[in-house]
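Below you'll find a set of structures to go through.
Common to both upcoming complexes is subunit A, partnered first by subunit B, then by subunit C.
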Partner chain A sequence: MIRFVLLTCVSLLLVMSASGCTDFIEPNQLAFVLGSAIDHAEDGTIEMSYQIVIPSLQGGPSKGESSGDSAPFFVMSAKGKDVFEATQKIQLKMSRRLLTSHRVLIAISEEFFNKNDASKLFDKLSRDPANNLRDIIIMIKGGSAKEFLMIKHPLEQLSSIAAGKELDINGLKGFSSRELIIDSLSRGIRPLMPIIQIEDKKLSGKKTSPIAALSGFAVLNDRLKVKGLLDNNEGSAAIWMQGKGTFQGVTMPWKNGQGTLSFRLTRLERKLRSAPGNDPGHIVLMVKAQAYLLENTTPLDMSEVKNMLEVQKHINEQIQKDLQLTMDKIRQWGPDVFGIGEFLHRQYPYWWKSQKDDWDEKFKTIDVTVKANVRLRSTGTSGAPLE
Partner chain B sequence: MSTVSSRIEVNEAYLREQFHNCSDIVFRSFQLQDDTKLLLVCFDGMTKLQGVEENVLKPLIFNGLPQGIDRIQSLEEIFGREWLPLTKVKTDVSLKDLTNHILQGSLAILVDGEASALVAQLQGFETRGIQEPRKEATLRGSKEGFVENLRTNTTLIRRRIIHPQLKIESYTVGKYTQTEVILAYIQGLAEEKVLGEVREKLGKIELDGVIDSAYIEEWIENNSFSIFSQIQNTERPDIVTAGLLEGKAAILVNGTPFALILPVTLWSGLQSADDYFERFIFVILTRMIRYIMTFVSFALPALYVALSTFHPEMIPSYLMIGIATARESSPFPTVIEVLIMMFVFDGLQEAGVHLPNQLGPVVSIIGALVIGQAAVEAGIISTPIIIVISLTGIASYTIPRYSATLPFRLIRYLLLFITGVLGFVGFAFGMIFLLIHLVMQESFGTPFLSPVAPFDGKRIKDLFIRYPFWSKNGRTKKGSP
Partner chain C sequence: MKVSGYQLFWMVSISSMIVFSYLPIHLAAEQSLQDCWISILLGTMIMLGATWITLRVCMQNKDKTFVQFINDLIGTVLGKVVVTMYFLLWFMQMSFIAKGTVEFQNLVMLHNTPMLFILLCLLFLVLYAVYKGGITAISRCAEIIGPFFVFMLYVQLFLNPQDMDATRILPVYADSGLLRILSGTLHSFNYMVDPSIILMLFFFAENKRSATRGIFWGTAVAMLWGVVSTLVLLFVTGPNIAAELVVPIYSLTKFVSILNFIQNIDAFFIPLWLFGAFIKLSIYLFILSYGLSEWTGYRNWKLIACLTTFIWLAYTIYSTHNIQISNTLKNRYLIGLCYPMVYIVFPLFLWMIGLIRQRRKPSSVN
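And now, the complex of A and B:
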């Protein structure tokens, strides 16, 4: 019995290995794609670009920094009718198999959003199991997405890694392709997409080099058309109200223009509530946070309780005002990036049935009031401003 | 010619013929004052000659027979009246037994006119002293280890369990070696079923010689074709004592310091004596480390191959690029590379076991420089694989018993083969086969994976967490059961 089992095992192993019946692929037969770019091309096609790592130019500990000028990556691009065709064309030109599972980021140019139906793009993303859906999706302004991939970052080795880290370190999580697909497929929420702007910046000495930096957010509707752009401040306000942010900094002027106060806000939370009277048309959006005073250029002595209470009241008023402005701005555009539709769906299912079609138009008529509840947790280590 | 004759010449002739060409045999015949002929037979070096002189020759020759007594009627009478100052004596009638006793180092005293011989157990030969067991060193606990002499070993146990229920049964195994094998157990604690099975199997052994307890082990174990040993071996009396107290049986064999303990489970190979000597909270950590490292020791090379060549998307992105960078110029597939390194590592290990102590550093230098550094710098072997193999090697040394590491060394290769062909599917297959094998295995009626499978809530207390001793058998702190 044992002999029989052993014999079958061994012969199976031998047969399978002798016939080459394995599908392993060595790491040096793989091309690691860390970033993809999608650009508009003429005659109804799209241009795909892949940012591929060159492993031999990655600074290994033993090799030292011998690469010098040559960047540790290259960009391959091709045009095709859809994502797969373009990828296939790139694959034909490559010596290694493209592995998109480690992709950090997908960059899509603004032009593409304006001239194509971007929602068709994401079928491949959600259908093909080889996509990890963790990659961040961003919009590129001021240039093509392909250009963005080619930019060298002064700190990171690849621009896509840089952009990914930039969002991550600033507390902007939840912009992965998975979230985007969920947001665009849900009926009561619309996606918000970070915008990366390519600018020429003087980084050191006389050299001016292009650099990609976060410059705001795009509000998309359910067909993934850009409805409006938010700058960085409005963007962080929108993210807070969306419930995705984790922390942010805020600077506000003190009453009658006597200097400014800067805070770091943590534990950002938001809660939706229907207004008293159970009217679906009136919604209260509560935001909560803890504030830490980090800079104070006003004459206030923060060691006094009276001042602290006053400052706390001031933050709440100010934040309420700012958020309400952003809210109203987005509401005029139509796309409901806050998921208020989802809330109403759960709260008033019958009402929602009649409203869900053309929610973008209906959302404009919903009255959303923002209420802030920010607690001042710390005033820093010094009391009165230094004279 | 099976019994001792009353004529001493006949007996002498027989013994001389039996011990023909044995240059170390000693025949010493002499007469007492009343012309009674006596013959002493023993092996030179096996018998304490000083004892023979002091206890036998002197009283017989110089003192003669005590005055006023007639010619002795029988040998037994001499000892019945305690004329010879000896503790262990017996009379033998069978010549075969007599020969055996002489071979074991006893002194035979034959008297003319007596149809029996007297055997005085005056064995005295050089033995090794009790030393600290080097292979199973512990940080705390007894420093005594078993030696080659069986009697010394039984005393080491006797001294630890001072109770009449400690039973020590003796068996003789081996056609030529006539090795004494001892079955020790505590009556009332050990299971009678297990003992019966062991007794039966011990009786069935047909061997020319027993060189080590391993010979006995292979004869009595349940499944010789398993890669896991179903009997634990140890040279520590404290481990044997602990085993006996847990209701296990121990087998001691003359001529080897390695005692056998049975029945055992897979886990007992992964537990160290130190686990019971250190504070139990700390033991939780060391046991966890040991269990995880055991898994690492047989699964890591296979896992590395499966992850890096079959499922590169499962490795975190930056790590995968790091691995790809290191493997950029490797000429061999990962499986082959891992296989080569595992082979080299096991070769080094095997060399290290057989090397004379003085040559030890040479192997470490060659191993570290040639294989570690040069192979990587030449680009033949990539660094991640060196890390994987070293980690695997270190992990296998966390298993406290050497013989428990051997199955895992074998599984490492088997898993690597099947994973190299089938990837993670193969790894899963391998693990399932391994588990099926382990679950089917048993050691003298005890399932090999118990108390995990079948689950035993009481005994599992000593598996992952060693509970404090007072909580073990359901006792309270106050000591009442």
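And now, the complex of A and C:
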């Protein structure tokens, strides 16, 4: 019996330590990558950059600030024929193993999209188990993506975390790499991608520092080429019509230029249906939301029911007009970021079979009417404007 | 050596779910894209039917093992030939599951550990359980592992509600059509559950009636999980990605992100799958060596288990060096002929012979 117990203990010890000989990695042998950047490089290669956290400089935001120039991260980059080769070149210069499982963001420069086939990147994301498909993918304008990783953020420790939070806090969900791949593989929908622009801003005192901020959305076609850019207002309209937004703010002028009204819109929804007569060529896009009046510079007394009804009517008309403008603008470019093709695919699957090729061209001829159904839920905590 | 119906429930459900989480979804999605859940559903129906038929056959021959009763039913020579086919099938399944498990470990976690080492550990554990306790030890292990395994695999499906979009399975039927749905079924149903293990296991059941119930419900629980997990996978990834995911359930665990805090939970599931593979492999090794001992007439099945393990080890190592052999899972003859034969046609045939003999008996007595 004693011999048996001894034998078991010894063999257990041997077994448990054996995999440690070859694959044991302590946390202090890992380099946590929180952001990746992909840039175009000449002669057919790509430049990968990794934003790597320096654990010893991690702490509260105030602590990071006081240590002056030393940022709690650094960026390593290398060129290669594909992602793996570039990563391997970086790995050779590192004292720790790169760990990409916790990455929150992949930044890709606009130039890369235009000069390369970006869909080639997807294979690496889904084949290598060291990737998660949860990270957000954004496009960098006005600079290289590598530059974006190097920028310090005034509030967050890393620019990639900042960009991720920026999208999140503004209700922009659904820009993960998983969703980008789904959108670009489906034939009836095209990706819409958030753009981060690097600008010089005066944040405090005399110093101007570069800051990266959300500055609109890029409309990509089926080969992931940029077909057009939307500013923030058009972007949020497109997001709403795409069905991805959750809340946003909107400001609109009152009739005859008598001041403006600002609302918070919540519970954004959109519904697609074909126009009466079941014609796939005519689509009605219905948007829904609940509005809360938060600023009123018009002379309207919002405690009166008559005015409330009039305002509600006005919001609907105005939103309908704005969204239709954005819709027509994107429709002229061609890429169907709203998934109307996907809707038609589901609604008229047999009709779709003959239409799915070259959808970007055909989408231009589809007639889409936007209808708004926004309900005024509240007019805020004051009736007439305080004057 | 006796097993209860409760233990059979866990053994059958674990051994079905472990393969279901790996092969069939990919094979079906390749064929019928967003309609692969229909393919899977049809496949589960077929397999439940096959299980039912197999159970009928077992009930007709309650007090004999498969190797014994097949000799009674179709004669010694033919019986031995047929049983050899089953032996080959089990051996093939054993080696491909062992190889799949080990290579997955190498790919995902243990990049530098030699494959041989992981394989040796796995096979040693399996052999140890079979050698020391036979089916009793395996069934007790299954009883302990089962509830965790099945519960966790079910829970995992509902961990990413925020990523699910049910419209991704639309349009139903129109895109793929009947032919591609059926082809998806044909490619996938063979790997959902292995009803042939019941032929051997049933003999060891203590109470035949509760064993029937246990096995049937065990299969049903695993089949339900398979259909739900296919649907969840389609909701999360859409048909185009789903068709390319080789280990879909693993990929599904990687999408989980609870409040941006609980992520990368695949590390919790990999040990669970190892447990599941252990149960499945031990069952195979046991029935194979026990069957072989009856087939050859050599009583010491434990020795046969040791010998089998050596051959198994050698074959698995050989098959990892030979890409051709190790990737035969989609072979046309295997899928179209071999599996339907051993899972459906033979049991059906045996059941009918049993029925005819039962009819004849009273008349011959009179």
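A few comments on the model shown:
In this section, the second predicted complex is superposed on the first by the 359 of 387 C-alpha atoms of A that agree within 3 Å, B and C clash if a C-alpha of one lies under 4 Å from a C-alpha of the other, contacts with A are read in each partner's own complex, and residues count from 1 in each chain.
As a working rule, a contact is a pair of C-beta atoms (placed from the backbone, for glycine too) under 8 Å apart; a residue touches a chain by one contact, two chains touch by 3 or more.
The shown structure was predicted, so the numbers you read here are calculated from the model rather than taken from an experiment.
Within the superposed three-chain model, A:Gly80 lies out of touch with both subunit B and subunit C [touch as defined at top]. Of the two partner chains, subunit C is the only one touched by A:Tyr350; subunit B is not. Contacts of A:Gly281 after superposition: neither subunit B nor subunit C is touched.
When the shared chain is aligned, subunit C comes close enough to touch A:Arg178, but subunit B does not. Of the two partner chains, both subunit B and subunit C are touched by A:Asn132. Applying the stated contact rule after C-alpha superposition, one finds that A:Gly228 touches neither subunit B nor subunit C. In the superposed model, A:Pro210 makes contact with neither subunit B nor subunit C. Of the two partner chains, subunit B is the only one that A:Pro55 touches; subunit C does not reach it. In the superposition on chain A, A:His102 makes contact with both subunit B and subunit C.
Note: residues 21-23, 101-102, 132 of subunit A belong to the subunit B contact set and to the subunit C contact set alike, using the contact criterion stated above. Interface residues of subunit B facing subunit A in the complex, by the touch rule stated above, are 225, 305, 308-310, 312-313, 317, 320-330, 333-335, 417-418, 420-423, 433. Subunit A meets subunit B in the complex at residues 2, 9, 13, 16-17, 21-28, 30, 32, 34, 53, 55-56, 58, 60, 99, 101-102, 104, 130, 132. Residues 107-114, 117-118, 121, 162-163, 167-168, 170-171, 174-175, 236-238, 240-241, 244-245, 250-251, 254-255, 257, 263-264 of subunit C are the ones touching subunit A in the complex.
Contact residues on subunit A toward subunit C in their complex (touch as defined above): 15, 18-19, 21-23, 101-102, 126, 129, 132-134, 173, 178, 181-182, 185-186, 345-347, 349-350.
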